[in-house]
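In what comes next, chain A is part of two complexes: it sits with chain B in the first one and with chain C in the second one.
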Partner chain A sequence: MDENKVIICRCEDVTLAEIRNLIKQGFTTVEEIKRLVRSGMGPCQGKTCGLLIAREIAEITNTSIEKIEIQNMRPPYGGVTFEEVIAGDTIEE
Partner chain B sequence: MKNRASVVVIGGGVVGNSIAYNLAKRGVEDVVLVERSFLASGATGRCGAGVRQQWGTRQNCLLARESMKVFENFKDTLNVNVDIELKQKGYLLLAYSNNELEQFKKNIKVQNSLGIPSKLVTPQEAKYIVPDLNTDKLIGGAFCPTDGHANPFKVTYGYSKAAENLGVEINKFTEVNEIKTEKGKIIGVQTNKGFIETSKVVDAAGGWSQQIAKMVNAELPVYSERHEILVTEPIKPVLDPMLMSFSYNIYCQQTPDGSFIMGYGPDNEPPSFDMHSSWQFLETMSKKAVWLLPPLNKLRIIRQWAGLYNMSPDKQPIVSKIKEVENFYVACGFSGHGFMIAPAIGVLMADIITESDLTYNVVLDIERYKRGEIISEPSVV
Partner chain C sequence: MNNIEKAELIVVGGGPAGLSAALAAADYGVNVILVEEREFLGGQLVKQTHRFFGSEKEYAGTRGIDISKFLVEKIKENENIKILTSSRVLGIYNDKIVTILANNKMIKYSPKALILATGASEKFLAFENNDLPGVFGAGAVQTLMNLYGVLPSKKILMVGSGNIGLIVSYQLLQAGVKVACIIEAAPRIGGYSVHASKLARMGVPILTSHTIKKAVGKDKVEGAIICQLDSSWREIKDTEQFIKCDAICLSVGLSPLTDLLKQANVKTSYVPELGGYIPLRDENMETSIKNLFVAGDVSGIEEATSAIIEGQIAGLNVAKRIKKDIDNQVKIEKKIAEAKDELELLRAGPVGEKVRNGLKKIGLDPLKNYGEKVSTEEFDISFLMKTGIPSKENLKKKLPLSEDVFNKGPIAISECFQQFPCDPCVKSCPFDAISENGSINNIPYVNFEKCTGCGICVSKCPGLAMFVVQKNYTDSTSLVTLPYEFLPKPVKNQIVLVLNREGTEICEGTVKRVRDGKIQDKTTVVTIEIPKEYFLEARNIKVDGGQKHG
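Coming up: the complex of A and B.
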């Protein structure tokens, strides 16, 4: 398996090699990795990559996966258009 | 972790890291930085990522211009291989009243005198710069082509890397529990990972700087206030500059990765350490954004979050030593514009700590409030 060809975050095209490289540099939290390579910042908001990255951190740092925090879940739960949010309501300035 | 330091910097945001780097660059050895969480986990990493030089006071223009020079030459200046995703496609400030336009004219004079290439634009020119802009009620604007965007995480990471290269020890996930003093002098910092003996402490704790100061019984004239923000899915580049209006109260930009990031200043937000998101923000923000840039309508919002503005009485930074405790220094009260001037703030704080003449002719000391020298900056959101 070529870790350069394995995509961990498909929204932001982040490879397994990039993730492992950051963990080895000492970025051993999902939140830090997110901020450096944008994993989990795309439309799925880390619902796919979050656990995969946590597992990599657990393996490389020899920690049990239960102790690895996944990223903060932030609203909205799924993508929502501006149009849907304002539902016909507009601003009067 | 070292158990002795010449200076302990509290706070791993962009300001703390810039200070640590600048101290080491001056030859100060054994600088230790401590951060409760990860780097840029507070206000730095939650900000709107804008870098602008269009300010109303001479000293803010100066700090912003000098900081922009660092952003423009980041790798060479800091000698680190970190791409900070600088995008210099300008800031377009929108005027909706004659008063606002007159203020822009005054500001531009100050800016131009310092070599900042800002200029007044007509609504037609604004529309040319941003074709999707709704120019309804717009009477003019100000545009500076060298303003723009930089990635706050990368800038912070770059400073920390550069600081480490010069011997600074950066300790993440290290929380300060107590600052020990003896006869009014600092003797050390107690963290959850051990005690660091030191005589000098820099409080660069952003939204929590007033709490750190309380550890030495100092009251800082600052409080923290929640500001919210949201980001959309990425699309192809369609918006060059950061759009900003003080009266309509909005900022909105498209970052180099293609997503739109935007926010506004809240009304009557009480002082707090609350960093939760609200549906009210989502709704108001959406209405404001779609009115200004109608094609946004179809775009998806994918995330919202909040961060803390550390507000000072004149909404200007405090970069200073304090009277109450010897060798306790504060860099706080950035009031929402710390990121873009952090490079210059690091230089200033290094001047203060090493007792050198200030590199920039500015007044940011805490005693200014007692002297009544309030800085009145007209251009803040």
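Coming up: the complex of A and C.
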């Protein structure tokens, strides 16, 4: 299998080769990998790649997948403009 | 703080779980805000053109899209429910403030309770060239076809044989797309056997223990290379096979959409049986955070029927907390108990085992009352679950013991061999001739003494597994009545090609009767006259000018 042709994060175009390389270098959390190659930072916020990366980490580090945390989630869920935030503040009672 | 709106209950997600949760709470006077990201309510139900399984109480036998219409109508009539469509919940904060983006405004709410019914997203698969245009998720294929009327491809490879993979394959055939084959990595078909049998009758090969190695094509999918897997899921050498297709549809499972739950720091756990990372919750659907409930696929992947019941349980529990007068408390308590009972029964059969194991992992007892009633498969269906084709032994179990029974006239044959919760055949029979022996999880049997061969059940069975045969129509011919859901519909006296359970053409037949009224609800019931020797073989037809099968 050509790992360079297997896409793990579709949003940010991250390949299996990149992910495996990082894990082998010692980056063994989904969160660290996300910060290094932006996997999970695109529009879908890791819904596609999160589990796949967790599985790779589990396999390479020989850990059970139950022990691997997926990436953190913070508000807002999806984009929001300042205009929209301000508009909400002037709501009538 | 003066621009924070107070609310009683916010339900996030307008799919089956969210709709039923909102209704259950609003029926007891709770003021509900129902938030849906898309411009319409109904969630995945709006794409489901097939009849649902399960109990009649939860709309079994009704098409998903019609269940959605019914629930949405009730929601719209309910004065206690405020609907926010095209609106997104942006955040849930530690102080339980919820921000919602609606009409280009970010509004802050402080609700007494929250029910998250956000559903699930599709899992993706790692294989070579998996980003080639033409690689779809099954949800996207359904959206294109059933929502927008756009054909996704001409010939497709389906990866995954769970109920979604099987149902979408069937819908693709209905839309006129060829299904090259369905591949499944496991040694056994994942979905219900009746769905697989529908495809087998159309001549679609189902290859278990097979996976996709790579997508092939320059600028778009032109084919795929698949290979066989051994019992430990490793590739068997020299089993590579090229499948020509212009699209690849992935249907390899769902995982709960827990983003908002994670924001709120709800405790989660990895439970593969339930789709991945799921929130910990109690039997009332309440998470580790007080007054934050979950319902439906976000709490663990299951069917729409269980999502509807879970929604009821969550909604009723919120009502119980908010509406404190004694009268209501008793009524609500009773309804909660009923819903839990119903849910437990749905999970009590062999197909519920995976879900039961998953629930045990998060400390729940999925079989409090039905522990002793758990049924195991009545007979060996391993061949059926590999191919979609029932074995001779399987068939024998469902046919009359004596050939003489066929001499009395037309009788219904139930070709349902797997135990899963479903009862429309039983409920539809006007002569009380079909029985499941007291449990919805049992296999239905026809009482040939009582059966008149009326054919009502033929269009009612969601699995298209009911047929009527009349062996002695003439000295040399028999009549077979079967369900047919393709266009064009056959007409009386038309000559059609007749297929067997494997989708092989066996003979020609003459259409004697076409029933296509309101009762049949688009599942046309066709009676064909065929040479007598084939009366136990003829199970499908090919109508001239219709879609090419397979």
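Everything that follows uses one rule, which is that the second predicted complex is superposed on the first by the 77 of 93 C-alpha atoms of A that agree within 3 Å, B and C clash if a C-alpha of one lies under 4 Å from a C-alpha of the other, contacts with A are read in each partner's own complex, and residues count from 1 in each chain.
Everything below uses one rule, namely that a residue touches a chain if its C-beta (ideal position, glycine included) is under 8 Å from a C-beta of that chain, and two chains touch if they have at least 3 such contacts.
Given the structure is predicted, the values throughout are model-derived calculations rather than measurements.
S.K.: With both complexes overlaid on chain A, does A:31 touch chain B (first), chain C (second), both or neither?
M.R.: The answer is first: A:31 touches chain B but not chain C.
S.K.: A:62 in the overlay: touching chain B, chain C, both, or neither? Say first, second, both or neither.
M.R.: neither
S.K.: Now for A:70: first (chain B), second (chain C), both, or neither, which partner does it touch?
M.R.: second
S.K.: What's your read, chain B or chain C touching more residues of chain A?
M.R.: Between chain B and chain C, the winner on chain A residue contacts is C.
S.K.: Counting only touches as set out at the top, which of chain B and chain C does A:52 meet: first, second, both, neither?
M.R.: The answer is second: A:52 touches chain C but not chain B.
S.K.: In the overlaid three-chain picture, which partner chain does A:1 touch, first (chain B) or second (chain C), both, or neither?
M.R.: Only chain C; A:1 stays clear of chain B.
S.K.: Examine A:43 and indicate which partner it touches, taking first as chain B and second as chain C; both and neither are also allowed.
M.R.: A:43: touches chain B, not chain C.
S.K.: Just to be sure I follow: which residues of chain A are touched by chain B in one complex and then by chain C in the other one?
M.R.: Correct list for chain A: 45, 74-76, 80, 83, 85, 89-91, 93.
S.K.: Touching chain C in the complex: which residues of chain A?
M.R.: For chain A paired with chain C, touching residues are 1-2, 5-8, 10, 13, 16, 44-45, 47-49, 51-52, 65-66, 68, 70, 72-78, 80, 83-85, 87-91, 93.
S.K.: Show which residues of chain B lie in contact with chain A when the two form their complex.
M.R.: Residue positions touching the partner: 38-41, 45, 96, 137, 153-154, 157, 231, 233-234, 248, 257, 277, 279, 282-283, 286-291, 296-305.
S.K.: Going by the contact rule at the top, pick out the chain C residues touching chain A in the complex.
M.R.: Per the stated touch rule, the residues are 2-3, 5, 88-93, 99, 101, 104-108, 121, 123-124, 126-131, 213-214, 255, 257-260, 262-263, 269-270, 272, 276-277.
S.K.: Could you list, by residue number, the parts of chain A that touch chain B in their complex?
M.R.: Those residues of chain A that touch chain B are 29, 31-32, 35-36, 38, 41-43, 45, 74-76, 79-83, 85-86, 89-91, 93.
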